[in-house]
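Each of the next two complexes has chain A plus one more chain, namely chain B in the first and chain C in the second.
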Partner chain A sequence: MRIAMANRMTPYMFMAPAVIIMAIALLYPLGYMVWGSFREWNPSQSIGEAEFVGLKNYIFLWSDPNFHESLGVTLRFAFFVVTIEMVLGVGLALLLDRDIRGMSVLRTMFILPMMIAPVVVGLMWRYMYHPTIGTFNRFLETIGLPKVDWLGDYALTSIIIADIWQWTPFIFILSLAALQSLPRSALEAARIDGATPWQQIIHIKLPLMMPVLIVTGLLRLIDAFKVLEVILVMTNGGPGLSTEILALRISRTATEFRELGVAAAMSNYLLILLLLLTVAMFGFTRWQEARAAKLRMVAQDDDQ
Partner chain B sequence: MIVLPVTIVNVTGNNAWGRDEMPNIRLEKLIKRYGNVEVLHGIELDMADNEFTVLVGPSGCGKSTTLRMIAGLEDVSDGEIYIDEKPVKHLEPKDRDIAMVFQDYALYPHMNVARNMSFALRLQKRPKAEIDQKVRDVAATLGLSDYLDRKPGELSGGQRQRVAMGRALTRDAGTFLFDEPLSNLDAKLRGQMRAELALMSQRVQKNMIYVTHDQIEAMTLADRIVVMHGGVIQQQGAPKELFEHPVNKFVAGFLGMPPMNFLNGEIVERSGDVFVVGEGFDLKLDGAKAAAAKTHSSKDVILGVRPSDLRYDANAPSNGSLSLDVLVSEYVGAQSVLLCQCGPSKVMVELGSDTPVALGQTLTFAVNAGGVHLFDRKTEVAI
Partner chain C sequence: MLKSLKLGALAALMAGAAFANPYEEYAGTTLIVNFPAHPHYNAAMKVLPEFTKETGIEVEVDQLPYLKMRERQTLELAQDEGEYDLIAYVVFSKADYVFADQLENLAKYFMNPKLADPNYDAEDLIDGYVENIGVAGGTKGYLPGKTGSLFGIPFGSETSVLAYRKDIFEKHGIAEPETYDQLLDAACKIPEVEPGMGGMASRAASGHQASHAFLLHLAPLGGRVFDDQWNPIINNAAGVAAAEALKTIVDCGPEGAMSFGPAEAANAFSNGDAAMFMDSIAFMPGFENPDRSKVVGKVGYAMHPKGVRRGSQTGGFGIAIPKNAENKEAAFLLMQWLTSKKGDLMVAMEGGNPSRFSTYQDAGLNEKFPFASTFGEALKYADPDWRPIIPVWGKINADIGTTLSKVLTEDLDIQEALDGVADRTKAVMEDAGYYTWQ
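Moving on to the complex of A and B:
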């Protein structure tokens, strides 16, 4: 009796340390943030001293043009980077899915940008974009073209380019893995059926890669909504609010404007957005698994 | 429940598929190398119209590679492939007028049965009505009409196999290539599909080239068997010819179930008669065999006798029989397969299960006339 009890408890006891750390490190700050978002809260106050204001922070943000601007920038940024990265990453994978000498070296090189710390990426691109000593403008100068104010007139485009440079490899390696796990014989059958390389991509490869591509795209989208360091280093949100993505606005609201409650509310809006995306992603994989299971059931042999 | 489609009618009869003459395929000194390793050593093969050719051999013998080279899925290292006297080595698979059925069926998992079958025609931009008609016809002949909307994942193994064949049939191809199409099915289903294939190949007047490692498939389906081993064609010909007159020990041992028994022996002449003598046997050779053995350069031979050529006969003369000690009896129904000892060698024989046999007993088996095969012990070539 006692032994059976102990046996039942054993797994929970092993899990307990992890659960406690999770609770402290994740749930406590999260709860703190939600609680804080209902208060008029200045950094000089402890949270207990802050005045409870209900949904005021949320309602304020709902009609705050700066928040709208920031949300718009974030949505535009996320849309463009994910779209372009998907096209480039999948395209590269399709091109490089073959046996060529030195391909493994090439593949490793392609995924290097992903391994560099974001702050370093930000600094690197900031120097390359520099109006006078930057690589791009010096290059434009040598071939006799006018200089471009990269981080001024084209700030959003410039940070989008940097992000594409850094994160296309992520989609590339996942697409390549998906491609290489496609059934070879189906592709051979397509060749015999008369499909040109282009038709093989359209009719066979892309449809079969789609489950992986959808999850990859969602992962990138979630990441794109949270991006901070690279932009912080490159433009710090400027000029004006043109590159002030949400994560950056949250950080500035808390530190510069000293409105912790509003920052917390903004974080919660972002959290809800990301939660929706994550749920969509899990929903998609669950739906897929359920569908596969159903298919297996149906196929349980008609041969019998 | 599998319902054998009994109405395989006019799949291509009446020229519904548009052709009388099927292309003649010829392989000329076909060589395949992977790096420095040569795996096919100059394959020469001529396949006539409407012939069901089976390439058979143990795994690694180069049969699948040969087929894939004909299909255009593997590059040809040397030599040439002619289809209707036209060299096709450098042509894409789609330009070779072939259809292929793969071992794992290679169905497109995201397309339903109808779209799988019509994929080639859709790529050719044929009129929709024509495509629909053709898919319906082929599906009807294969018993797939009720499954046209299903995806491959919703089909059983046998049905997928049928769809793979349907996809090949829907094409207007002159030659069908089969790469071990039945090896993923369970034994019972394999027997059924083999029968269906035989039926189909009679109705569909096409060239068929079929690769298998299963000699029963080869024997039952082929007009012509090509036995391959070690990247070389060992022998080709009608199944009966290969079974009765194997050119070497490999072919003799590969075809037939249970396999041929091999016993080391020596050619001995006694008072004008020729005998093959070994531990536990002393067989008199007759007619042509005796003449061939007498003139053969080496006296060291291997005696080959098929289990089916050994007949239980207690009164058989000793110069026309083998004395065998029964080691194991395997009951397989009406027949039992006995594993026996004959001198240093093991010998398998078949015996009606109603014959009482005790393990350890010594039995006398008469050798049927014409049942004696002799091979040179060194070269293993038939004498």
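Moving on to the complex of A and C:
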């Protein structure tokens, strides 16, 4: 009896340390944030002193035009950044998936932007975009084109360019790894059947890479929603609110406006949004896999 | 000069020997103070060894970037027993700390005959600074008045002055701007007569910077953010005039002015890209530094021009004793020493911003920094109410700043934009309970 009981308990006992660490490191702060989002909480108060206001912070945000604008900026930023980075990153990986001399050096150089601290990236680009002494405008001037007010009139485009420069290598490196681990047999079979390189990419490489690409895209998407330092340094959200992404608005709400409750509510909205996106993305892969399985079944039936 | 300082220190030592030494009881104490990384406090740290030598009180400095200070202090002040004995605070933190009851009222220290130096001469402290940075609880809660009391002493305070290129102004026969009309005329005339050069470099970046630049013009042009009943009046004629002035200045300013912060604006001026720069006195010593400035010796310094009245900004830092400090009395002695006539002059000679009228009149200081007398004159008009210091200000400030940035970049109608700010501000104030008694 005892032994049976102990046997049944064993897996739970092995899991216990992990569960406890998860609870302390993940659930407690998350719970704290959710709890705080229901309060009118100023940083000089402890959470116990803050007044409970129910859903007021959430309702306020729902009708706050600044929050809407910031959400719009975030969605636009994330959409463009992830789409362009995926195309460029995967494209580069397909081009460079071959034996070139000095490939390892090249690869290291490609991932350099990713290794630079975000604040430095922000400063670097800010000076490159500088209206008078910046590299871009000086270049435009020498070839006789009019100067562009990068961080003024085209602020969002400019930060998108900077982000693409920094994060395309991330997608490149993961896609390259995925490409190199593809089963050679499938590619060889395709070659023997006379598939052109283009057909190989569309029908063999991309579908086989899909699971990796989806996870990569998802990681970039989550990151794009949370990017803060580069934009903080480059534009601090300006001009107007045109580059004030949600992470920046959350940080300003907490430190500048001193409204921890509202900042927590905003973080929760962001969390919910990301959760929905993740679930939708995994749902989509599930559906695709199911469809592929069905097609295979049909194909097998036809063969018989 | 140094000699007389040394003599002064010696005299103080001798006086200490002749009478009872007020510092004796506290010798050996170690004070932990929180200072910002700022030229004034770098100067102050150079004179701290002198304090230790004279009093036997050790000082340990925790220096932080000034925008990080508030976060750190908010955490530290909320604890039962804090780490800091003395803190330097940015002026807009005053409302939060006093409202949360986290700073010592200084009355009991100045009443204590064992601690208060009879030769301190508080009358000599610059009025606008004390009113803006030190006093809380009077008129409107943040200004001096019959119900107000002192919570801090200005140390590293700043006002605004106008720096202009003497050579350019002389070359084109433009007079030193006395009034706002002259200022705006000059700002737009310069790019015409001096191609490639902007009129005036000003902060204008979205958020705090744009709001700061607007408020800088609002007070002299006769405007205020609120009337006496806390109704927003930022959208009245004076408010519109101030926003128009800012727009004119930015439009006639150097290239890319719309995204300038204070450092970029100062750089544009010291680089020769603009003929004027109007901002805090803290930037001015940099223009006379040959390592960083191309305009050394070409710069004239004038008072902040007059609109319908004179009113230059008040800002910068003060020092205060936290309620949860461990060595409050020794902290008061340090505070008193640093802001005494002697301490203030010593810090000023190292490049700090004086807090006393007498320091600005000192011959030695005027010899070392030629602009000191103009600054001393400008300080008489320092306006303690140029910007409200209330707990909800951060939010209103951000709204003013982003809206004005839109005015500058997207050509929003000024009246309409300011009406919007006034409406939203009204809602914020309503929510914070400012209309409870109406």
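The rule we apply is simple: the second predicted complex is superposed on the first by the 247 of 304 C-alpha atoms of A that agree within 3 Å, B and C clash if a C-alpha of one lies under 4 Å from a C-alpha of the other, contacts with A are read in each partner's own complex, and residues count from 1 in each chain.
The rule is simple: contacts are C-beta pairs under 8 Å (C-beta built on N, C-alpha and C of every residue); 3 or more make two chains touch, one makes a residue touch a chain.
On a predicted model such as this, the values are computed, not experimentally measured, just so you know.
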A:G72 contacts which: chain B (first), chain C (second), both, neither?
neither
Contacts of A:G237 with chain B and chain C, given as first, second, both or neither
second
Could you tell me if A:A292 is touching chain B, chain C, both of them or neither one (first, second, both, neither)?
first
Give one of first, second, both or neither to describe whether A:G194 is in contact with chain B, with chain C, with both, or with none.
first
Quick one: classify A:P43 as touching chain B (first), chain C (second), both or neither.
second
Check whether A:G31 is in contact with chain B, with chain C, with both or with neither, and answer first, second, both or neither.
neither
Of the partners chain B and chain C, which touch A:P183 in the superposed model: first, second, both, neither?
first
Set of chain A residues, in rising order, touched by both chain B and chain C
none
Footprint of chain B on chain A - complex, ascending
183, 185-186, 188-195, 199, 203-204, 207-208, 292, 295-296, 298-299, 301-304
Sites on chain A touched by chain C in the complex:
42-46, 66, 130-132, 147, 149, 151-153, 235-242, 244, 252, 255-259
Report the residues of chain C in contact with chain A in the complex, numbered from low to high.
70-71, 74-75, 77-78, 96-97, 99-100, 102, 205-208, 210, 254-256, 258-259, 261, 273, 391, 394-395, 397-399, 402-403, 405-406, 408-410
Can you name the residues of chain B that touch chain A in the complex?
1-2, 71-73, 92-94, 98-100, 102-110, 119-120, 123-124, 150-151, 153-159, 167, 171, 186, 189
